[in-house]
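Both of the next two complexes hold subunit A, though its partner changes from subunit B to subunit C.
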Partner chain A sequence: MPKMYDTPLLDELEKGPWPSFVKEIKKCAAKNDMAADELGLLEKSYKTKIGYWKHGGIVGVRGYGGGVIGRYCSIPEEFPGVAHFHTVRINQPSAWFYTTDALRTICDIWDKYGSGLTNFHGSTGDMILLGTRTEALEDIFAELSSRGWDLGGSGSAMRTPSCCVGPARCEWANIDTLELCYQLTQEFQDELHRPAWPYKFKIKIAGCACDCVAAIARADCSIIGTWKGDIKINQDEVRNYVKNGFDIQKWVIDMCPTECMSWDGSTLTIDNANCNRCMHCISKMTKALKPGDEKGATICIGSKAPIVVGALLSWVIVPFIKVEKPYDEIKDLVRKMTEWWDENGKPRERIGEVIERVGMRSFLEYIGVPPQPQQVKEPRRDPFWFFTEEDIEKIKAKEAEEKKTGVYKF
Partner chain B sequence: MDTETIKNKIFEILEKAKGKKKLKEKDVIRIASEELNVEKDDVKKVLRDLIEEGKLCYSYTGGASSVEIPSEEYLREKGMIK
Partner chain C sequence: MSVPQRRTDIGPPHYEQFLPPIIKKNYGNWSYYQQLAPGVMVHVAESGDKIYSVRVGSPRLLATDTIREICSIADKYCDGYLRFTSRNNIEFLVTDESKLNPLQDELKSKGYAIGGIGYRVSNPVHTQGWVHCHSACTDASGLVKSIMDELFPYFCEKELPNKVRLAVACCVNMCGAVHCSDIAVVAVHTKVPQVDAEAFKNMCELPTTIASCPTGAISPDPATKSVKIKAEKCMYCGNCFTVCPAIPIKDAERDGVAIVVGGKVGNLRSNPKFSKMVIPYISNEPPRWPKAIAAIKLILETYAKDARKFERVGEWIERIGWERFFQLTGIEFTYQHIDDFTFARETFRTAATFKW
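This part shows the complex of A and B:
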């Protein structure tokens, strides 16, 4: 029978109408010593306002550098159950589709070797199993891998790629997010398990600009589905929306971020050249509007939470790329991007920060993507590349030539 | 170059750095390949074999990963030595 602690402070967190992690930990604590001591330790932290966890060190399964995150308690004499409390990350299936059987398997393994506590899912996307001991790691890994699971990424590695539910359930998906996510995960196995880079690198894939996985804010490489050409309008359906009391002016026309839509009382017009494919109008009038037929993705780079410098959102690098099996173009691009970052990055510097420090020009040259207007992030931030010594020599030579011959070339 | 020499070099580099500097995989590969005048890929292969065998481990501090010689205590905990 696990030790029961008095937890008056934590108990407060069971009182609201919302789901309570305290309630869940207590369920585990009734049958698991690790979970029981976790609860006791947390109550102590709440009382003393001090954290008692130590991070990091060599903790993992043989051959892998990622997937296990070492945690130790700094007062193990008092809470022996959490002396070791390592986290295990499991690579989730694309878009988090599970059978109940699969989930039961994971939970059984975790009840056997760990605290029984889980987190579905961590912000990387992985399934997170919370709290186990060093000596259990190889057994956990063996049991998981014999059932087809693998660990996810951690440390300065490629992190487990993740994606939105995409075409599996969503009519707005412009690309097969699930397949692309799976293929990229396979392609970058070495980078995922063996951390060799300056810091972490995350890939997230959304099927459209609604961006249900928040790729634009949470991934070093955000791949977001989009289309080329005109939004398809069914004018009868538009009129139907209006007839049924939908205020098209207020909710659609006035909210279009580029002000490229107009409504004259009977016909909706879109100036598609100025549409930035934000999905707002389509998501408001699903029956009336559909994306154009030529589908692909926009690739943006560099978002991250604040660590070395402040938070960044991803920046458009490739305005439109075809997303077709076997995705060689995207794989090559990701490889080039990470190579450049690995060459130029200092320890703990994310790719977005290196671009800010070293410059967009160097980055674009290395990955072989030409500068283009869509990359301009905001007005007056356009001149992010400069003439090289070589360019200036060329210009001078051209001018000298023109002066000599009197023929000017533009 | 024979594998033994590269192995010894890798251990020498990591012993020297122990407690002073965290070396990434890339650093170890670079130093060994310069000092022995061998291809980086050859060093990488030997390094990876050592990691596979559990003679070396990846370690982690504050978000950055490095390569280290595991302590006996750790190997004992993992049941890799008695």
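This part shows the complex of A and C:
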């Protein structure tokens, strides 16, 4: 029988309508020594208001440099069950779809070798198995991998890519987020399992600008589905919305950020050249409006949390790219981007920080993407810019041409 | 007992084997969706096929027993198919409409929280906290449980002007999406860390440690073969502790939480935004963090009352102005609110237009 702890503070968190994580820990603690000590340790933290975990140690499985995060308790003599309490990250399937058989397989393995505690899911998207001992890791990996599961990323490596529900259950998906996520994950298996980069590199794929996976904020490489061409309007459905009391003027026309829509009482008109594809109107009138036909993605780079000189949102690098199997163009682009970063980055420097330090030009030139106004909010406001000799030669040649033709080309 | 033969670099299983047949059939051909209840929606395909999703909240931290229970429910009503959302909700995928009500009845009888769809509070994204992290300065799970008990009606019933996305991070590393959430909690240190010179020699690297400090507060201390920290330059980010365990920064009485608001990730109407700090410090008060919960409720209810339909928290505040936000909420404005770090100059007001 696992040790029973008095947990008056945590018991408080079993009350109330929201599902209780304490009940979850207790379910495992009733039959597992590791989980029992996890419960006791957490109660101690609630009492003393401080944590008792040491920095991650280097543990893992043979041939891999990541996927397992070493975790040791700082007071193992008091809580021997959590002396080791390592995390195993399992690469989730695209968009977190499961069959019950698949989930039970994971549960069986985890009940056999671990604490029984999990996270569905971790912040990056992996299934997280919380709490096991170093000597169990090889067996866990063999059990998982022989049944078709692999470890996710950790450390200075490609992290497990993730994606939104996409075409599986969403009418706004401009790209096949699930397949692209799967293909990129497969393409970068070596980079994912063997940390060799300055720091972490995350990829998230959203099917549209609603961005349900927070790609723009939480991924070094944010791939966001979009389109070119006109929004498709079903005027009958528009009129149905209005007939049913939807205030199209107030809730759509007046809220359009580019003021590119108008409604004359019977017909909705969109000035598509001025639309910035924000998704407000489409999301509010889902039956009446659909994205245009030429689908693709915008690729943005650089977002990260604040450590250490401030949080970044990703910057538009490739305004539009076709997203078609076998996705060679995107794979090549990601490779070039990470090569440039690896070449220029200092230890623990994310790609966005390197672009800021070294310069956007160097990055764009290396990956072969030309400068475009879609990449910036506004052009520079300072008067300090660089020219290469080649830049000047090009301008001079253009001017010489103008002299001949008598037509200026700005 | 022998273990099976391991395989390496196989990657995740292909998602297709986990898709319900109706999704496989209508993949990429969905026409529209409708919300039927706070936790129920239907997606209708161009073929006319329908799939119902019933969303329930989860504490993210799940016991295998609970996963098995969820599986039994999905076997009974969903032919063994289910999914999780990017905010740790569970979605039961129902093809047979007649099973929709019995599924909800069973979920309710077993204590599951159905809701989180539409203009409501969804499940907060959060981090490990004291449960499992070495750099935590609070417990994320306890905060989330306390927040959601208090805001429960906004998950399972009451509507807001737009969706409200909450997050909790147990330190400034922000493994949760705190930096772009409508309302979020980030735990902070408030004390300069102490260097353990003896331990430093054995555990830490001098150049890495010095380079880790974003404000240049750390310099070598040749006398002790360690480093010293210039207190007035330190803003307690804890990055030195991350690279060097001999610089402990945790402090039971001084660690606490801050509240940030107004971030979003979607592009609808306005561009994605960072969250901005509105309350710099509230003491850790486990197990229920009553003051932090009261602050979140105050902000949420001020937004609910004052915002226009479809405005997110950040859009509402940008329309009324931050000075008005502080006035409406009654939150005190202090030196901590004025940025003195990387992005400071972008945040100072450069116009004569503001409100009293």
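Here are some notes:
Going forward, the second predicted complex is superposed on the first by the 380 of 410 C-alpha atoms of A that agree within 3 Å, B and C clash if a C-alpha of one lies under 4 Å from a C-alpha of the other, contacts with A are read in each partner's own complex, and residues count from 1 in each chain.
Following the convention adopted for this analysis, contacts are C-beta pairs under 8 Å (C-beta built on N, C-alpha and C of every residue); 3 or more make two chains touch, one makes a residue touch a chain.
Just so it is clear, the model here is predicted, and its values are computed rather than measured.
In the superposed pair of complexes, A:157 makes contact with subunit B only, with no contact to subunit C.
Of the two partner chains, subunit C is the only one that A:185 touches; subunit B does not reach it.
Applying the stated contact rule after C-alpha superposition, one finds that A:64 touches each of subunit B and subunit C.
Residue contacts after overlaying the shared chain place A:198 against subunit B, while subunit C stays out of touching range.
Between subunit B and subunit C, more residues of subunit A are touched by C. Using the contact criterion defined above for the overlaid structures, shared-chain residue A:20 touches subunit C, although it does not reach subunit B. When both complexes are overlaid on chain A, the residue A:388 reaches neither subunit B nor subunit C.
By the document's definition of touching, neither partner reaches A:269: not subunit B, not subunit C.
By the touch criterion stated above, A:280 is placed in contact with subunit C alone, subunit B being left untouched. By the touch criterion defined above, A:56 reaches both subunit B and subunit C. Residues 55-56, 63-64, 138, 307, 347-348 of subunit A lie in contact with subunit B in one complex and with subunit C in the other.
Interface residues of subunit B facing subunit A in the complex, by the touch rule stated above, are 24-26, 48, 51-54, 57-65, 68, 70-71, 74, 77-80.
The touching residues of subunit C, when paired with subunit A in their complex, are 3-15, 17-19, 23, 27-28, 30-33, 43, 51, 53, 57-68, 70-72, 74-75, 80-86, 88, 90, 93, 111-113, 125, 127-134, 136-137, 139, 141-142, 144-146, 148-149, 152, 155, 172-180, 208, 211-212, 214, 237, 239, 242-243, 245, 250-253, 255, 263, 265-270, 272, 274, 284, 286-288, 309-310, 341-343. By the touch criterion given at the top, residues 9-10, 12-13, 15-22, 24-25, 27-28, 38, 42, 45-46, 48-56, 61, 63-64, 71, 85, 87, 91-104, 106-107, 110-111, 116-121, 123, 125, 130-131, 138-139, 141-143, 145-150, 162, 164-165, 167-171, 173, 176, 178, 182, 185-186, 189-190, 193, 209-218, 251, 255-257, 277-280, 283-284, 286-287, 305-311, 313, 346-348 of subunit A touch subunit C in their complex. Those residues of subunit A that touch subunit B in the complex are listed here as 55-60, 62-66, 69-70, 134-135, 137-138, 154-157, 194-196, 198-200, 307, 342, 347-348.
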